[in-house]
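Multiple structures follow.
Each of the next two complexes has chain A plus one more chain, namely chain B in the first and chain C in the second.
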Partner chain A sequence: MSNLFDLLVAGLATGAIYALVAVGFTLLWQTSQTINFAQGEFVMLPAFLMLAAMHAGAPFWLAIILGILLSMILLGLGFKMLLVDPMMRHGVLPLAIATMALAIGIKEAVKQFFSAEASPFPSIVPTGDVSILGHAVSLQSIGVLVVAILAVVGLTTLLNRTSLGHQMQAAAQNPTVARIIGVPVERMILLTFLINAFLVALASLLITPIYLAKFSSGEVLGQAAFIAAIVGGFNQVRGAIAGGLLIGVLDNLAAAYVSTQYRAAVPMIFLIAVILFRPQGLLGRAEERTV
Partner chain B sequence: MSGFAKPLKIALGLIVIVGLIVIPMNFNRYGLFILSQWAVMSIAAMGLNLTLGYAGQVSLAQGAFVGIGAYAAAIMTTHGWPLPAAILVAIALSFAVGWVLGYPALRVQHHYLAFVTLAFSTLAFLVFRNESWLTGGIYGISNIPRPHVFGFATNKPLPFYYVCLGSLAIVSLAVWWLIRSPWGRAFMALRENPLRAQSLGIDTRRYTLMAFAIGSALGGVAGALYAPLTQYIDPVPFNLSLSLDLLMMVIVGGAGFYFGPFLGAMIAVLLPEWLRFTEGYYLMLYAIAVMLLLIWSPTGILGILDRYLAERRTKAASALRAVAKSRLETAQ
Partner chain C sequence: MSEPILSVHNLVGGYGKMTILNGTNFSVPPATITTIIGPNGAGKSTVFKAIFGLLRLREGKISFAGRDVTNLSQRALLNAGICYVPQGRNIFPELSVRSNIELGGVAAGKGLDLPARIEAALDLFPALRRKSAQQASTLSGGEQKQLEIARSLLLEPKLVLIDEPSIGLSPLMVQQTFDILKSLRDRGVTILMIEQNARSALEISDIGIVLELGQTRMVDDAKRILNDPRIGQLFLGGAMEESAA
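For the complex of A and B:
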C-alpha cells in the first residue's frame, strides 16, 4: 500500500494548491459576481514576474516579494479597475467573456515578451526526502502543504475572527444592507481582489517548481480550480478548500488506477454528478433563486 | 435593425451577398480558406446564438459539436459516403447528443450550466483523442475528400468556398424562419422569463431541450463542412478553446441579434489575420480589442448600433411630440 500513501500525499499537495486558487476564485464570485476565466493565467503570470526580477539581478527572496507585489498591483488592482469595474453592472456573461480574452492576452504576452519554452523555476523548499511512517515523502510536498495550510488558516482567521473579515463577508452577502450599516463596500471588494492576487501569486510560487514555468500552464490549473470551486460549493471558502484537496487526490488516484488516457475525465464526471445531484456543492448552501 | 427603411435594407443585403460571391473570385488559396472558415464558424456561432442569445441557455460545448460533426463527416466520406449523407448524420448525431446535454439545463442554470457543458466539452475531446480505432487518435484523419455538387468537383478552393457560402445561406434562411416562427417566440419567452413562459402554457422543458438540440445540430453542420475544408482533422482544433471562441463570437457580435454571429465570426476569424503584420503581437492585440469592445459595449457590436437607432427613434419621437404640443398651444 506504499503506492497509495505516496499518491495521497502527492494528491494532497497539488490539491492544496488547487484549493488556494479555488478560494480566490470563489472570493471574486461572492463579492463581485466575477467568473474569472483567466484565473489559471493569473497563476501562471507571477512566476514569470519573479523570473524577470531574477533576470534583472534580484536575489530569489527579493524576486518573490517583488513578484507578489507586482501581481497584487496588476492582477488585483489593475484587473479590478480596468476590467471588472466598467463591466460589473452589465451582468455576468460579458465580464466572463472579457476574462476569456484577458486569458488569451496574458498567455500571448508571456509567450511574446518572455519565452515560448518552459523555464525551470527554483523551489522555496530544498529537494530531498524525509521518512514518515516508513515512507519516503518529498520535502517539496510537505513544504507545499505547510505553506498552503498556513495561507488558508490565515485567510479563514481573517474572514471569521476579525472585524475586517466580518465587513468583507457582509459586503459579499448583502451589499445594500452592508452599505447602510457603514461598511465601505467598495474597499472590501478591492480587498478581495488583492487577496485573490496574493493567493494566485502564492500558488504560482508553489506549483511552478513542480510543473515548470510555461505560458500555457494556466489552462489546466484554471480548470482544476473551477472544478474544485464548484464541487466544494461556489459560495463557501471552506467548500473551495475541500474541493481543491478532493480534486487533487482524485486526479492522482485516477492517473494511477483508471487510465492515464482518461485521467482528466474523472474530475469532469465527478463535476457533472455533483452539479446534477447537489448543485450547491458538497459543503455549500443552496442559493435562492432570483426568479 | 428596424430603424432602416425596408428598400435600403434589401439593397444593403443584396450588395453584401453579391460582394461575397464576386469579390473572392481573384482571392488566393489562403484568402479563400480564411473566408470559408468564416462561413463555417458563422454557422456554428449561429447555432450557439439560438441556444444562448434567443433561448438564454449558456453552453460552453459548441466546439464539441463542431468536433462531432467533423468526425462524423470525416469518417463517413473517407469510407466512400457522399457528403450530404454525412451532413445528415452529423445533424442527427449532434441533435441527439445536444438533446441529452439539454437535460442538465432543466435542473441548473447560468454558471452551473456553463460548467456542465464545459465538462462535456472536455470529455468529448478526450474521446476524440483516445478512441483511435474510430477517430485515428492524435494522428487524426487525413485525405478527407471534397464533394461533387451537381456533378461539379469542388476540390479547388473557390468552388468549395461557394459550397460553404451556399450552406451558410441555407442555414441563415432556416434560422431566419425559425426565430420568426412560434418556436422562436417561445425561445425568447424562455430567455426573458421562464416562469411566465410556463404559466402561458409553453412547455418550457421541451423548448429548453429543443434550444440545445437545434443549436448543437448547427454546430454539427459546421463541423461536417470543416472536415472537407481542412481535409485533415485531429482532436486539437476541437478542444475547449474552440467552444470559448464560439461563445466569444456570439457575445462580441451581439447575442440575441440575428446578424450577431456573422459579425462575431468575422472578428474572430478575420481580425487576427488582418493583424498578422504585427507578427507575434496579433493575438495579444486581438484580445485587447475584444476587451475594449466589451467594456465599451457589453451587448456586442450590434448593441452599439441598436442603442444608436433607439436613441434616434426617441429623439424623433420627442421632436414629433414637441411639434404636436406647440400646435395644440397655438390652437388654444
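For the complex of A and C:
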C-alpha cells in the first residue's frame, strides 16, 4: 500500500512536468497550428543553458534567470521568427517536419558543443523526505508538484480571468474575427510562443535534477508530452493538464507493476486506445477541418 | 439629403489577378438603413472588406465622416466609428457570452468604461443577459448573431457594416434581428447591410443599392427599388440591360 502511495506521488510529480510541456504544446497548436516536434528538445536545452551560465561563474539563481530569459529569446522569439513564420507559409506539415529537423539540430548541437555524457543538475528543492499520512514522501516530488501547480494555476488565471487571456483565446479560436474586432492577433501569437518557452524552461528546471542533463533526454519528454496532449484533447489546456498527470502516473505504475522495459509502451498503448475510442481526446472537442 | 457619412469613390480591387470591384461608387446618408443587393459575385461582401481595410484597393477612395479612411488598419477604423459584422458565425465559441461582448471593447484602450458599456449592450438583448455566463457555443444561431451585434456596439459605432445577418435564422429571429437594426437606426446609428433576403431587407431599409459585376447599378429609395419590376428579373439571373431592352 505504501508503495502505491509513493508511486502515485512520484507519478503526479512527473505528470505535472509533462503537463507543463503538454500545455505549451497545445498552446502553440491552438494559436498558430504549430505542431512542435522539438518540444522535448526545448525542455532539454534550457538546463544546458543554465549549466553553461554556471560554468561561466554565475550562481545558481542567476543561471536560472538567465536560462529562462535565453530560452524565451531562443525558443520563443527566435523559434517563431526564424522557423515558424517562414515555414508556415508552406503549410502545417512542412512546418511540423521542420520542427523535427530542429529537434535533431538541437540534440546534436548540445552533444557537439557541451557533452555527450549526462551531467548532474542542482535541484531547486532540498533533498530529503517529509512524512505525509505516515508515508515518507520526497521533498523533490512535492517541490515539483507545487511549482508546476503554481505555473498551471497562473497560466489558467491569465487565460480565463484577464482581458489579455481572453484576447489570446479569441486569437486562437477565430483569428479572422479577432482581427476584425481589433485584437492584435500577431502579438497574441508571439505571446504564446514566449509562454511556451517559459513553460519548457520551467519544466527543464524541475525535471533535470531527476533525470540528469543529457542531450538525448528530450526524446522521452517530447513523446510523453505529445501523448499527454493527444490523450487529454489536443485543443484544450485543461486536457493537456489532465493528460500530463495521467501519463505521469501511468508511466510510474507501469514501471512498478508491469515491467520497466515496457514502461514506455504502456502510455503508447493507452494513446492508441484513446485514438480508437475517443479521437478528440478525453477532454477535447471535435474539430472540423476541410482537407 | 444630408451630407453622407460614408462615400466610396471608384473602388477597384479584387483577389490576386481577379478584379471584383470595377469602379464601385455610392454614398450612405447618416442614420439610415441602406441595403446592398445584387446577384452572387456582384462584389457585395468585397465592398465591405474594402471599406474595412481587409482588401488592398488598386484604385479608389473611401471617406467616412469627412475623413479619408482608405486602407486604414482595423483598429483605426474601429476607433473612427466603423464596425463590421461579417457573414456566418463570428463568435468565440469557448468564451462566455459576457467575455465575447467584452472583447468588442479591445480596440478602445483604457479610457472606456467597459462594465457600463457591457451592461448597456446586455440591456438591448435580454436573451444574452440571461445567458451571459454561459459558453457562447451554447447559444442558438439567432442569439449568436445578436451576440455579434452586441459586441460590435461596445465601441458605440456610428456605422455598422453587417453582412447577411439573416442567413440561417428562423423567420422569427430574422424579424427580431431586423427590429434591432431599426432601433439602432432610430438612435442615430447608420446601418449598411448586405442581404440575400432582399425583399424583407428592403422593407426595413431607407435606401437600396443594386450592385452588379462590381459596379453600382442603382441607388434609390428602398421602396422604389422594392417595386421596380427589373429587380426581380435581376435576381432571377438576367442582367438589367437585358430586361430593359
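Everything that follows uses one rule, which is that the second predicted complex is superposed on the first by the 289 of 291 C-alpha atoms of A that agree within 3 Å, B and C clash if a C-alpha of one lies under 4 Å from a C-alpha of the other, contacts with A are read in each partner's own complex, and residues count from 1 in each chain.
Following the convention adopted for this analysis, a residue touches a chain if its C-beta (ideal position, glycine included) is under 8 Å from a C-beta of that chain, and two chains touch if they have at least 3 such contacts.
Just so it is clear, the model here is predicted, and its values are computed rather than measured.
J.: Consider chain A as the common anchor and indicate whether chain B and chain C clash or fit when overlaid.
T.: fit
J.: Which holds for A:Pro122: it touches chain B only (first), chain C only (second), both, or neither?
T.: So A:Pro122 meets neither chain B nor chain C here.
J.: Touching A:Ala265 in the superposition: chain B (first), chain C (second), both, neither?
T.: After superposition on chain A, A:Ala265 lies in contact with chain B alone.
J.: Between chain B and chain C, what opening angle does the Cα centre of chain A see in the overlaid model, nearest 10 degrees?
T.: With chain A as the vertex, the angle is 90 degrees.
J.: So which one touches more of the residues on chain A, chain B or chain C?
T.: Partner with more touched residues of chain A: B.
J.: With the two structures laid over each other on chain A, which partner does A:Glu108 touch: chain B (first), chain C (second), both, or neither?
T.: Touch partner of A:Glu108: chain B, not chain C.
J.: With the two structures laid over each other on chain A, which partner does A:His166 touch: chain B (first), chain C (second), both, or neither?
T.: So A:His166 only meets chain C here.
J.: Does chain B (first) or chain C (second) touch A:Phe226, or do both, or does neither?
T.: In the superposed model, A:Phe226 contacts chain B only, not chain C.
J.: One more residue to check, A:Arg179. First (chain B), second (chain C), both or neither?
T.: Only chain C is touched by A:Arg179; chain B is not.
J.: Pick out the closest CA atoms of chain B and chain C after fitting on chain A and give their distance in Å.
T.: 14
J.: Would you mind writing out the residues of chain A in touch with chain B in their complex?
T.: Those residues of chain A that touch chain B are 35, 37, 83, 86-87, 90-98, 100-102, 104-105, 108-109, 111-112, 219, 223, 226-227, 230, 234, 261-262, 264-265, 268-269, 271-272, 275-276, 279, 291.
J.: Taking the complex as given, what residues does chain B use to touch chain A?
T.: By the definition above, chain B touches chain A via 58, 104, 107-108, 110-112, 114-116, 118-120, 122-123, 126, 129-130, 193-195, 240, 244, 247-248, 251-252, 255, 280-281, 283-284, 286-288, 290-291, 294-295, 298-299.
J.: So in the complex, which bits of chain A are touching chain C?
T.: Counting only chain A, the residues touching chain C are 163, 166-167, 169-170, 173-174, 176-184.
J.: Write out the stretch or stretches of chain C touching chain A in their complex.
T.: Residue list for chain C touching chain A: 52, 54, 74-75, 78, 83-84, 86, 90-95, 99, 102-104, 106-107, 151-152.
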